[in-house]
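Note that chain A is present in both complexes that follow, paired respectively with chain B and with chain C.
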Partner chain A sequence: MNVSIPHILDQIIASVPLFKPELVLIIGFIVCIFTALFFEKRWKNSTFIACMVTLAFSLYYLIDQMPNTGTGFSGMWLVDPLSTYARLVIICSTLIIAIFLQQRHSKKNNGDVYSILLAATLGMHVLSSTSNWLMAFIGIEMVSIASYILVGYFSQNKVQSEAAMKYVLFGSVCAAVMLYGLSLVYGLTGNLDFQSAMHLQGLMDAPKAIITLALLFIFVGIGFKLSFVPFHVWSPDVYQGAPTAITAFLSTIPKVGAIVLFARLYQSWTSTAFYFSELSTWFIIGVAIVTMLIGNLAALRQQDVKRMMAYSSIGHTGLLLMAVFAYQDAFSYLLFYIVAYVVMNLASFIFIDQIEQQTGSTSLLSYAGLGKKMPLLFTAFTLVAVSLIGIPPTVGFVAKLMVFTSTFSFFQSSGDTGVLVMLIVGALTSVISLFFYFKIPLYAFLRDTDQPVAVKKQISVLLCIAYTLTILVILFGIFPNWLMAYLSTSFS
Partner chain B sequence: MGLLSILIFLPLVATLLILAIPSSAKATYKYIALCFTLLQFGISLYLYGNFDAKLGGIEQMDAYQYVEQLAWIRMDLGTVGKLEIDYFIGIDGISLPLIVLSTLVMLMSVGASWNIDKSPKGYFALLMILNMAVMGVFSALDFFLFYVFYEVMLLPLYFLIGIWGGARREYAAIKFFIYTLLGSVLMLLVIVGLYFSVINPATGAHTFNMLHMMNPANYVDGSFFAHITNYHEVFGIPARLIGFIVLFFAFAIKVPIVPLHTWLPDAHVEAPTPVSIILAGVLLKVGGYGIIRVCYSIFPDIAANTNWWLALIGVISIVYGALNALAQKDLKRMIAYSSVSHMGFVLLGIASLTAEGLAGAMFQMVSHGFLSAALFFLVGVLYDRVHDRYIYNFRGLASLMPKYTAYVAIAFFASLGLPGFSAFIGEAFVIIGAFNAESMSTGIPRWMAVGGSIGILLSAAYFLWTLQRMFFGQTRLQGGQAWQEALTDLNTREQVVLFPTVALALLLGIMPSLVFGNLNASVIQLIDLIKPYL
Partner chain C sequence: MISLTHFLVVSACIFCIGLYAVLAKRNTIMILVGIELMINAAILNFVAFGKYDKINYGGQVFALFAIVLAAASVAVGLALILNVYRHFKTINPQDIHELKD
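Coming up: the complex of A and B.
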């Protein structure tokens, strides 16, 4: 390690342009802390505005960065189209979440929540643009700690505090286990960049028992963030206990970063024919199958819509894993699935929140007869549910079709029965998911209620966003080209 | 924008119009729906009038008529290749009769919906979306497009049954949805598999084009569904056989065959009259159409080897459906089971792989389409008046409702296959086809034809018995005086809806060439496609 200091400095300065969107986030984070401390009392929403401005600038620099690819900070920082698009998705959805928070939780001085949100976003950016284990771990921890705070931030009753506590305990244990796995991997390979030749060579030479242990430990950490089975047990409680805006955040954004990291990892590890790549392949197939099954089957029994959505997002994680499995050189369909998933989930949580505002309940039973009172909202909600099942003409269908397509091409070339089983399970679970997603229109339109519910007519910014997202769900379902052409321009 | 596209998307315009008009003017909805379906019917008659009967279709692209082909989705999936999806529609002799039938049945169903007063806005909007999807299914030639329309059909039906249906509507609606979706998600996997096995010879890209899938030359050697040099097996079963079975399973649920028919009695009984009409008149035909267009045309080799089993399923459906119909005490349930029995003829005819049998199956679909629609409409007439359709609650209706009885009698006689009516032609041709199959060595034994004839006998039994139980004898009603007053004879609107179907049954019974003329070339084309594998 005889690199001279000026040389290091030169490299850091040269890398800064690649880091602009994140620098903006860091500055915004600090600004938000200050505005929350000093200005929030006098000018309400000042922190919100600061947060929005930060996100807008970050977005601007991201778009500016679009054609660029490169690495910076001695290979720690990786900018490629996958990372850029993932970050675009992250920033855009953070914007919506910020508006969500502002609309719902502006009564008290809640300025700090925006700085935490920005910190979480920064963590996600790190996750989606690195191939270095150290950075990845830092990213995961940043997201996790920010999420712990967000879940507990608005807690008013025991259930909400319990949710936050569960989340923290489970998260810390998983992080610790992952760190232990990382230390093993580092010991075996002497290199923390999982794409480097040295790292792969080290894994090839390592004894099977230790490598199995290390890999499984690492997957524990990622599994916690993605909430795939068996590391999903925290998510239903947390989703149900957290305020809806935070649940919307938890179910979408952290998964984007984690799935991008996992996709990179999976791609570099399975490109060889050695034990550890076989292990990863079998791991991902097994976990995807089990996750799809358990997520969808458990959702059947839920009576609370937020809890149901938690299981539904576990089920979708299974499909995302399938997308990761089939991840080859082109990842446009992975991104397509991510965009579809984020759009659908954000829309449904906004709807859930709007209904909760009117009825004060997230129980499915309380939806009875509401379809007549709020026809537009429930029609849109039903369309989103249709998309979540994966029925045309919606974006959910196209996304599912693309994942199936890429997985099938894998199956055709390998003839592996496990892959076929995964495909069949993927198809069958969408039939299962019909049962629980259609509880929403079932209660809203098919059932009547005795209790009169007073529905206030109101047009909110949030509803407008949700309707726009619903239109996108249909539009991208009929013309996936529009999204796809955009995603694949810089990939070819 | 060609005529066929206009036919498909007219109902969408109607939907938007209905949604745009405020609920205060809700009386206009039914007139909008009526106008648009009338217009559609006119267009379909025009298509029929200008159809060139000499062109075969099936796998020849040039032989399709009113073809429109636009590039719809082009996506670069990297190593997976380019995704090539077209907006590709056109009709041949197989789809033309069904399109004309669908527009007619849709018209009838709008006529039957005249008295809907529970949120008419949603009702007519959904009905029109369903209408669009049905037209799309019958004209799509791109598998992706076909699948989209196929699935879009489900959603409006779920709500139409679920919201406007009878007492057990929730159960019936979800059962129907689950059954169909189960078939279609597995179909999706086969579609993906076919996509990877087929190359568009013009561009070299993988394609969803159904016509390319029908040509063995377009299959990639060694691909999953390849014709020759295919070593792919799934759980020990050859890949092409699996593909055929899965597709057949998806469409067989629609037909429906025994034992996948259990959704049908529930859906029919719980659905409101207009939806029953569409279900029986059009949606069951989607199953038969799918088997011809997709299973048989894309997998002719498997079709030639499995037709014994398909014919067996057909015979079982005929006999089992008829026996069930005999045992029913609910009039609507009886007619629902008679549908199962009559659709069994379609399957038997298709599986016979003879020109007579296939043409008979097509004819039977058309004939059953409007006859079952008429039957369900007639049940609806009774149910509208007294909200009861239990067979034993009525007796001697003939003296009370003479016109109604006349229509019921004609519809019953037409359905049971009395010579001179359309159902006779369809069933007779199917039986002839099945009987000839042995001499054509397509693998269908003669006893199956005999089994089919037993079905005709049984259908005479249950129809005539019902006629006798409900309409003849001394008038005796469960509801007493109140019912006697409520049971008024048919009004003008009801007669306007019913008369064309009865007239058509007679017309087609006397001049079957009106249907046969157009589909003959296509049927022979299909037989030619399958013959090399026999």
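Coming up: the complex of A and C.
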């Protein structure tokens, strides 16, 4: 590619419009560092306001960018409906997380946390709109490093600092293994763009043993971010140890970026039939089955709600993998599942946090008898739990139903036993999940407690958001067409 | 004459040493050193393969970015380990087990 420097500069300038939402995030990141340093002491919440303004501007440019598609920066940056909608979900949920952090941790000078949140958002944007390994690795590392800091930022006791240390060690090892796998793939193909023909050709010609090793190594890194089995061991510890606001962040947003990257990867690898695509199909089926089983079975015996939610989100990762498998071309259904998952998880973590504020505990036993004291909150929480199980009339049911029907039609056309096993396991684990999600209303409404809990009546911004999300859960469950029609028009 | 194979063998050896340091887990700092070795093995691979990619220099650019990212994550890791030491007075991973099933 012997092109002159003016030509390259022209190309870079031409691709800047595609990069506007991220440019806003970069500027906002720098502004947040300065406000945290100089203004936070005089005007409280100045960093929070700067962060919110940045996110709002980024959202504005993203909506502005909606009809556009294209590639920029010599194929490194990819803007299509999948990336635009994924980034919309990411920005909206980051807004909620920022409010969550502001409500919970505004006592001390915690300005820096907002700039780190913005950096994590930028990393997720990179992950969801690239098909280049270099960008993907930078995105994964940006999200990881920001998450390590977020988990460790508020650490005041033993448990929190231990969670942060476990997270950083496990994450760095996974990233290092993934980097080695990437170097092998680069050596075998000579190209870093995983959608290019040269890359696929290189994979087809490569020796099987090395290519299997490289594939497994790469899946270690993606598996860590998605927390599928066997790379899930960090997530219960970290979810339990981190502050609830950070747990809400970890369980939702990084998974959106990673699953979008994984969907792109899987689509491009299985587009042509060769040894590598068969291997990745078998890999995704096996991992989805094991992840759903382990996530839901381990959640059964948890006594801590945050730990239970960690295993439940591992179980949902299995279903997300199944969705990636079932919709190799129709990304709108995958996005529907992602939206459903993010809404449900954000709502349930806000409820967990509200209860934690009242009782000071996240243990399931401490929920005993609280249903009568906080009837509205626990009714909404139960509705969200119903949606997480996948019972109508909620969004969780619609999302699961679509994944199952699509997998079934896949099975009918191919007759593959592995697909059938995956389908059966998916249905079975949904039944299993009933038993642990229903522990929440069981303890809250049917058990009584001896020690009286003083419940303060208060209406906070956070609760309003959570109730809105609960209403969304029901609305999208009864009228899934509202969301689906919106998504599928832009994909056709 | 040193060929590509020599580089690959050396980097595979470094990767295995790093992996051993991580899995043996005697000391948290040693785990960080192991991680650093694994990353450097990958970087060596990238630069060695990059010799044959004269058009885009993808491997060398990747190596540069990997070095920066590794430094950043090790800096964060050290800060968090310092925080653990304040609470536990030890950095042996086997003695740090407040969180478990």
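By our rule, the second predicted complex is superposed on the first by the 491 of 492 C-alpha atoms of A that agree within 3 Å, B and C clash if a C-alpha of one lies under 4 Å from a C-alpha of the other, contacts with A are read in each partner's own complex, and residues count from 1 in each chain.
One rule holds for everything that comes next: a residue touches a chain if its C-beta (ideal position, glycine included) is under 8 Å from a C-beta of that chain, and two chains touch if they have at least 3 such contacts.
Here the structure is a predicted model, which means the values were calculated and not measured.
Of the two partner chains, neither chain B nor chain C is touched by A:Ile49. Contact with chain C, but none with chain B, is seen for A:Leu134 once the two complexes are overlaid on the shared chain. Of the two partner chains placed around the shared chain by superposition, neither chain B nor chain C is touched by A:Ile27. By the touch criterion defined above, A:Leu442 lies against chain B but remains apart from chain C after alignment on the C-alpha atoms of chain A.
Contacts from chain A toward chain C in the complex involve residues 1, 133-134, 137-138, 141, 144-145, 148-149, 152, 155, 157-159, 161-166, 168-169, 171-173, 175-177, 179-180, 182-184, 186-187, 190-192, 236-237, 240-241, 298, 301-302, 307. On the side of chain B, the complex with chain A involves touching residues 73-81, 83, 119, 122, 147-148, 151-152, 154-155, 158-159, 162-163, 169-170, 173-174, 177-178, 181-182, 185-186, 188-189, 192-193, 195-196, 223-224, 232, 234-235. Chain A contributes residues 328-333, 372, 375, 386, 391-393, 397, 401-402, 404-406, 408-409, 411-412, 415, 417, 420, 423-424, 427-428, 430-431, 434-435, 438, 441-442, 445-447, 479-481, 484-485, 488, 491-492 to its touches with chain B in the complex.
Remark: chain C residues 8, 11, 15, 18, 22, 28, 31-32, 34-35, 38-39, 41-43, 45-46, 48-49, 52-53, 55-56, 58-59, 61-62, 65-66, 69-70, 72-74, 76-77, 79-81, 83-84, 86-88, 93, 96-101 touch chain A in the complex.
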